[in-house]
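Structure in structure tokens, see below.
Read from first to last, the chains carry the letters A, B and C; within each, the first residue is number 1.
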Amino acid sequence: MPLLVSYSLKNAFARKLTGTLTVAGIALVVFVFCAVLMLANGLEQTLADTGSDKNVIAVRKSANTELVSILVRADADIIKSDPAIVREADGTPRFTGEVLALIGLAKKSDSNIVNVNVRGGSAASFLVRPAVKIVQGRAYRPGSSEIIVGSKVAKGYWGAGQGEHLTFGGRDWTIVGVFEAAGSGFESEVWVDCDQLGAAFNWPTFSSLTFQIAPGTDFVALKNRLESDQRLTVEIMPEREYYRKQSASFTTFIKVLGMFIAIVFSLGAVVGAMITMYGAVANRTIEIGTLRALGFGRSSVLFAFLAESLFISGVGGLIGIALASLLRFLEISTTNFDTFAEIAFSFKMSPQIALQAIIFSLLMGLIGGFLPAVRAARVRIVDALKAR
Amino acid sequence: MAEILVHVEGVSKSYWRDSIEIPVLRNITLEIPKGEFLALMGPSGSGKTTLLNLLAGIDRSSQGRVRVGEADLSTLSEGGLASWRSAHIGFIFQFYNLIPVLNAFENVELPLLLLKMSKAERRKQVETALTIVGLADRMKHYPNQLSGGQEQRVAIARALVTDPDLLLADEPTGDLDKQSAEDIMGLVTRLNREFGKTIVMVTHDPRAAEKAHKIMRLDKGELAAT
Amino acid sequence: MKVFKLITRNTWRHPLRTTLTVLGLAIAVTAFCVIRTTIDAWYSDSRATSPNILITLNRVSLVFTVPMSSIEKVKRVEGVKAVSYAAWFGGTYIDPKNFFAKFIVDHNTYFDLYPQWVVPPDQMEAFKKERNAVIVGRKLADRFGWKLGDVVRIVGDIYPGNWDYVIRGIYTGAKEGSNELNWFARYDYVDERMREIAPSRAGQLGWLIIQIDDPSKAAVMSKEIDNLFVNSSAETKTQTEEAFALSFVEMSGTIISGLRIVSILVIGVILLVLANTMAMTARERIREYAVLKTLGFLPRHLIGLIVGESIMIAGAGGVVGLLLTAFAVIPLLETALSDFLPVVRLTPLTLILGVGSALVVGFLAAVFPTAQAVRTSIVDGLRMLD
């Protein structure tokens, strides 16, 4: 058996051109496969990891996105007093009412103007989102025309860096700080004081209310309590779940697109692997006959060829993964057509993805190499030795 | 004295492998008259196939000159050699080398496609050649439907079809059983005796060599006549 | 003819190998066509625009409104023939999964500016008479099985509350490949309710639709119109309808670029698969090519044979891919993407490019085997064992 393994390995690269082409084909396919998974992963992380497990968000009933949700101050006052909400030492609830708007900014990558989320919040916005950290400059002062921007905004748009100015709502706003938020969707937003934003656009309403609930709170009871309150028309949801749902169709679209691409490429790779292995078998009929005449059984021949196919696809897979991991340095920015706002995310590699990619490449080698290996095993010694 | 068809003058041939020179033929001089049947024998690696290749114009000498009929092979370009070959040379290989996807008729017809002939003229030549080798009834058969001996006969018909000046055969019976070998040698001899073809044949087989007018031996690239 | 026969027979020497190659190529050509069609679909709205229509929006973003009072000012600009308005209604029909575009428009003027959407006169009359009437596109009506007279409830979000509409009109596109998935209700019906429940939001429009008499003046007039509102609370941005539609496409610019890259990679796959097959084939035929050379065949004959075989396989792959795309895949694609991209059409250009790419690849894949066949000396070739 060991002899046949080294036979397989050596044969895999005996015909350099064909071997190289097949490996290149598999590497390309695995690269695409990884890229698709890494994209979905990065997207998950950005969109779905937006928000915290401890938080609950309230939006207007059947408002699928924050942007179209409208809640009045009275609603906020009613909900704010709910006992489930965590309170600071001095009694202030960890509760923030926020209003969402979109402004147009020019992307650095292609100078197209796209919509960016502007979130008008309060001091409590930082309390319910401890993952948000100012990394440059400082927070805005309430009551002023100061704003802070997420790190992806500062990086991705013209004129949106520390110390620069943005104009909207008939006012000039100064960027006094840049913040990070653990790679979540908030990093693609501009944050401002809610009252200032409301005044500039003449919007006296909120888009959403976010608050932190005490550990051990019965969420279902809270939900029922607030949703059945006659004075309110709200929907209550865990914050994370809401942001995930909000981008559901966009995420699905990207995943479906990605899967389609991956399937096409893998079909191509399997066909390529089959062609190569059939060729290998055809060329080595005499060898096979000799091996069998020497006493190697059919199953040994089958395994030898399967091993060769797996080796080629394994090498291709490793190369593909290595190339795909270079994508980590690439950041993508596109409009989330659910929220209409631009969101930036990157390709995220993970050990599971690498593992899935290896398995995938070996699977392709297995499928592509199986039928040819069977053919090799079926070669009759008599025919093989007679062939020229 | 018959006129000389082939002049080989001071021909040497070496191959280069990783900057090491390997001489295969050393200073060969020989004359082959028209209508002669010459057998070349010698141990493996003595250069006999190489000499045959030089006569056919499928290889070039390192030194010296080869003249066949009017043509000085050393002065012809690759394209010139190809054209010359198609009209003047018939080559018979040890392993027949028929094109597997073409039937017997089409294989024999192949060299004629290079000459300016009408379809009807080609058909006539092919049928004549196949009749001479005794396979007129197997024109539509494919190589994998023929026995070894039959394949070689098709190959001989292919070599004949352009009515070449010179027939070159490289171990024509090397891959055949005793009976088929005898049949083939009978045919080759007939081509020489009956049709007056000049034939140079490389062979290991002494019984095949017996049929020739003259046997020459090559050893380590040098000629020795018997 | 003889050469063609030889090429054909050579191609099918290894039926399994050739079939697999053609299959691989066909899949890749199909993928290429599908990607291009998807990208085309994205741009379909921008191609269905008129050069003499301008769109005026709030300069900040489309989340913000343009006041009704702007209309009179715009009408007075020289060269303006007609002005209409519309807004994005949003809202949900039963379930978010049933997404389709819903607009509220000026019932008097809107369809005059969009002659490409054809409404039977009696239906248009009904629309103009009843406040809660709605005109829907034919494909949209088919999707939900709506008929004239049906009552449809939309749960509003931007415009809160429950809205019950009656289907009074079904429009069809004048040209093939029109967007027939839209919903047009009346602005005044919605505005009425806004006056009651949120007065500050009444009289606010999504965008203006402006018909001008001279398309060549579009840029100049856009500036003029925007100048009317400089330094007001609602500064505007005016552009041609095409530019407006393109701005939506550009929002997905990254995805579209990504798809373009993938389509090129797909061509790369075609090349690798075919090059692999041709390389294997060439290896097997080294001795045969040497024999042909011995018989007197020239390099150009060999080139013809090899390139011919490569192109034949590539062509077969292209044609099979074409058939697959046209008859199997595109119908599927249309169904799958209808939520996001309303118009999915396979254009002749895409088919030509798909098959053309396969043929170009056919040439390229033959390069190395041809070079090898020509360069290998007869002697070396004859020496090769099968």
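Criterion: a residue touches a chain if its C-beta (ideal position, glycine included) is under 8 Å from a C-beta of that chain, and two chains touch if they have at least 3 such contacts.
Predicted model only: the values in this text are computed from it and were never measured.
Chains touching both subunit A and subunit C: none.
The chain pair sharing the most C-beta contacts is A-C.
Of all chains, the one whose Cα centroid sits at the greatest distance from that of subunit B is A. Centre-to-centre spacing of subunit A and subunit C amounts to 25 Å, using the average Cα coordinate of each chain.
Measuring from the averaged C-alpha position of subunit B to that of subunit C gives a distance of 65 Å. Each chain gets a centre from the mean of its Cα atoms; for subunit A and subunit B, those two points are 70 Å apart.
The set of subunit C residues touching two or more other chains is empty.
Under the contact definition stated at the top, not a single residue of subunit B touches 2 or more other chains.
In subunit A, the residues that reach two or more other chains under the touch definition are 388.
Taken in their complex, subunit A has these residues touching subunit C: 15, 17-18, 21-22, 24-25, 28-29, 32, 60, 62-64, 67-70, 101-104, 109-110, 112-115, 168-170, 201-202, 204, 233, 248-249, 253-254, 256-257, 260-261, 264-265, 267-269, 271-272, 274-276, 278-279, 282-283, 332-335, 337, 340, 342, 387-388. By the touch criterion given at the top, residues 2, 6, 9-10, 13, 287-288, 291-298, 377-379, 382 of subunit C touch subunit B in their complex. Chain contact summary for the complex, subunit C toward subunit A: residues 14, 16-17, 20-21, 23-24, 27-28, 30-31, 34, 59-64, 90, 92, 96-97, 99, 155, 157-158, 160, 200, 233, 235, 247, 250-255, 258-259, 262, 265-266, 268-269, 272-273, 275-277, 279-280, 283-284, 336, 339-340, 368, 385-386. Residue ranges on subunit B touching subunit C, taken from their complex, read 53, 56, 58-59, 79, 82-87, 91, 93, 97, 99-102, 110-111, 113-114, 158.
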